[in-house]
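In what follows, chain A forms one complex with chain B and a second complex with chain C.
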Partner chain A sequence: LRRCLISMDMRRMEESFRGIKNAIQAKDTFQNVTILSTSETLHSIKPLDVCCVTKNLLAFYVDRVFKDHQELSPQILRKTSSIANSFLYMQKTLQRCQEQRLCHCRQEAINATRIIHDTYDQLEVRSAAIKSLGELDILLAWIEKNHQGTSAA
Partner chain B sequence: VPCVSGGLPKPTNITFLSINMKNILQWNPPQGLQGVEVTYSVQYFIYGQKKWLNKSECRNISRTYCDLSAETSDYERQYYAKAKAIWGTNCSKWAETGRFYPFLETQIGPPEVALTTDGKSISIVLTAPKKWKKNPEESSISLEQIYSNLKYNVSVHNTKSNRTWSQCVTNRTLVFSWLEPDTLYCVLVESFVPGPPRLAQPSEKQCVSTLKDQASTLKVK
Partner chain C sequence: DGVAALPAPQNLSVQSTNMKHVLTWSPVVVPEEIIHYSVEYQGEYESLYMSHIWIPSSWCSPTQGPECDITDDITATVPYSLRVRATLDSLTSAWSTLKHPFNRNSTVLTPPGMEITKDGFHLIIKLEDLGPQFEFFVAYWKREPGAKEHVKMVRRGGIPVHLETMEPGAAHCVKVRTFVKAIRRHSAFSQTECVKVQGETLPL
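Right after this comes the complex of A and B.
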């Protein structure tokens, strides 16, 4: 079964994130909460579920995080918009995979995504958005690690 | 006896120095306290957990670094650390690091380089650097197991023509044949992982000479 992999230049997103990392993470004062904690959630995702989890996480960021994040700094806004555009591109890529029925969602993948949404909902919305943006390095590292190899898309 | 917090200036430039997941917290002494015998205490925090934890081996120390490798060995988690200065009954506020992510921030040390020659060609065998481990008895984890996209920048310098040839490879065995006779070739190798920029450490330079009277051009097998 061919896997649905995103072939994407991660460098630009990583660079954009590095430009906002310290500022965003400094605003995240709830160090005792993590939304994408890799050990409990992302780290345990099986190859078979990577496409579905990726699709759900991209939607989580595009539909919730980027929308909920209110930012005054034009420099941070530029960087987050650049990342958001890259996420929209990846979503289109995965859309094609879904049409080829290569992006099946098993219960494990759905549960993993629900944990992330539930944790997000427990925080005040602005704080939740800031925390999720501050954890983009976790997501980008996970995407790079799990989407290496030949791309079906 | 609890100290009076804020009575001293904070340590400065507190950061993690991380190489192959050996994670050392380091800082500069507070400014304006030259000649004063200040000591320090350290705490660390696992992002997503509940509370700050003391590093007992780094309580009331006079050095300005603390090895937190064991406490930060789960490289896919993220961490904070902090240090404060103490002098008598006075102490500073905590100086805190940013969020530290070993998986993305550790420097990748050089590979081991084995260089051999039959007089006409050079063989280079690389051994990937190893993750820091607490006890020598523990089994080693190669950084290739952590970074499946680990690559090597191999540089071969012809000391006679003063020209350097470099290539980025993923395989760990290279053979350079058809080399110039009677020439000293020096080899440097750097490991690197595609992704966020990391400081790189080249291997120690190793040199080997070819024998006299052979025809050669540089070719990688």
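Right after this comes the complex of A and C.
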């Protein structure tokens, strides 16, 4: 079964994240709470569900996190903009997969991302956005691990 | 208050070659005065979700212009809007915005420079270093009827790479093109260069 793999400029995104990691994580006031890691299930996602979870997580960041963050510092804004626009590009690539019906969403995949949304909703919105940005390395590592190999898109 | 408004910069355009992007504009001229410019950009994300947000360019806010290297600002393969304004002391012009958003997938990819050398019977190639976004597709073959063409992907320029061990007296030829994964495009092939173990580089 052909899988839906997206190629991406991972080096650039990791570089951008390293540029903001300390500043963002320093503003994270809820150190004992985690958003992406609560879903231990993220690491138990089956290959069949990778496309759907990727699509949902990109949408989570594009539709919610980056918007809720409301950054003023140009240095940080440049880095988050770089990642946000890269996610937008990846969403477009995934869109083509969906059109080829390679991105089916099973219940397990839907549950995994609902946990993330639920945890996000329990925090004050700016704090939740800062925490999610600070956990981008978890997401980037998961995407890189699950999207290696020849891109079908 | 009779203060003449500062005219906005005109004729904004982007020249992009091998993933280096430069925004240029016509200078605003005020006799015996130095004009400064500020450049700002908006990726597709900002224009879709945060249209009030414009981000100061990394290197040109301010600059004496009239050009700006925006390579470090254009970091995703999506359309980017760009704008420029002029300032003179407390006077500031209106913003001028690039007519059509710029997408780095429109960059001009030129065939890369290459240096073919022999180390004894070994055929060595050294490719132009175009930066981390560039990979190189090297094709090489022995010049004889029906010869098989070999291919090697080289991940980085600027370092010598061994292609093959040559046969004495036979001419060996090489051509190369670049590939940029971020925009999924490749350049045209370079000129073919041939060498013979005991001779100089042969003209085609």
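Observations on the model:
Definition applied: the second predicted complex is superposed on the first by the 151 of 153 C-alpha atoms of A that agree within 3 Å, B and C clash if a C-alpha of one lies under 4 Å from a C-alpha of the other, contacts with A are read in each partner's own complex, and residues count from 1 in each chain.
Here is the rule we go by: contacts are C-beta pairs under 8 Å (C-beta built on N, C-alpha and C of every residue); 3 or more make two chains touch, one makes a residue touch a chain.
Keep in mind that this is a model prediction, so the values were computed, not measured.
In the superposition on chain A, A:Gly134 makes contact with chain B only, not with chain C. In the superposed model, A:Val33 lies in contact with chain B only, and not with chain C. By the touch criterion defined above, A:Glu14 reaches chain B but does not reach chain C. Looking at the shared chain after the overlay, A:Gln25 reaches chain B, while chain C stays out of its contact range. Touch criterion not met for A:Glu108: it reaches neither chain B nor chain C.
In the superposition on chain A, contact of A:His43 is made with chain B only, not with chain C.
Look at A:Asp68: by the touch rule set out above, it reaches neither chain B nor chain C. Residues 11 of chain A touch chain B in one complex and chain C in the other.
Residues 7, 9, 11-12, 16, 62-63, 66-67, 74, 77-78, 81-82, 84-89 of chain A are the ones that touch chain C when the two sit in their complex.
In the complex of the two chains, the chain C residues touching chain A come out as 43-46, 48-50, 53, 55-56, 58, 61, 73, 75-78, 132-133, 181-182, 184.
Across the complex, chain A meets chain B through its residues 10-11, 14, 18, 21-22, 25-26, 31-34, 37-39, 43, 134, 137-138, 141, 144-145, 148. Chain B meets chain A in the complex at residues 45, 47-51, 74, 76-78, 80, 98-99, 101, 103-104, 148-149, 194-196.
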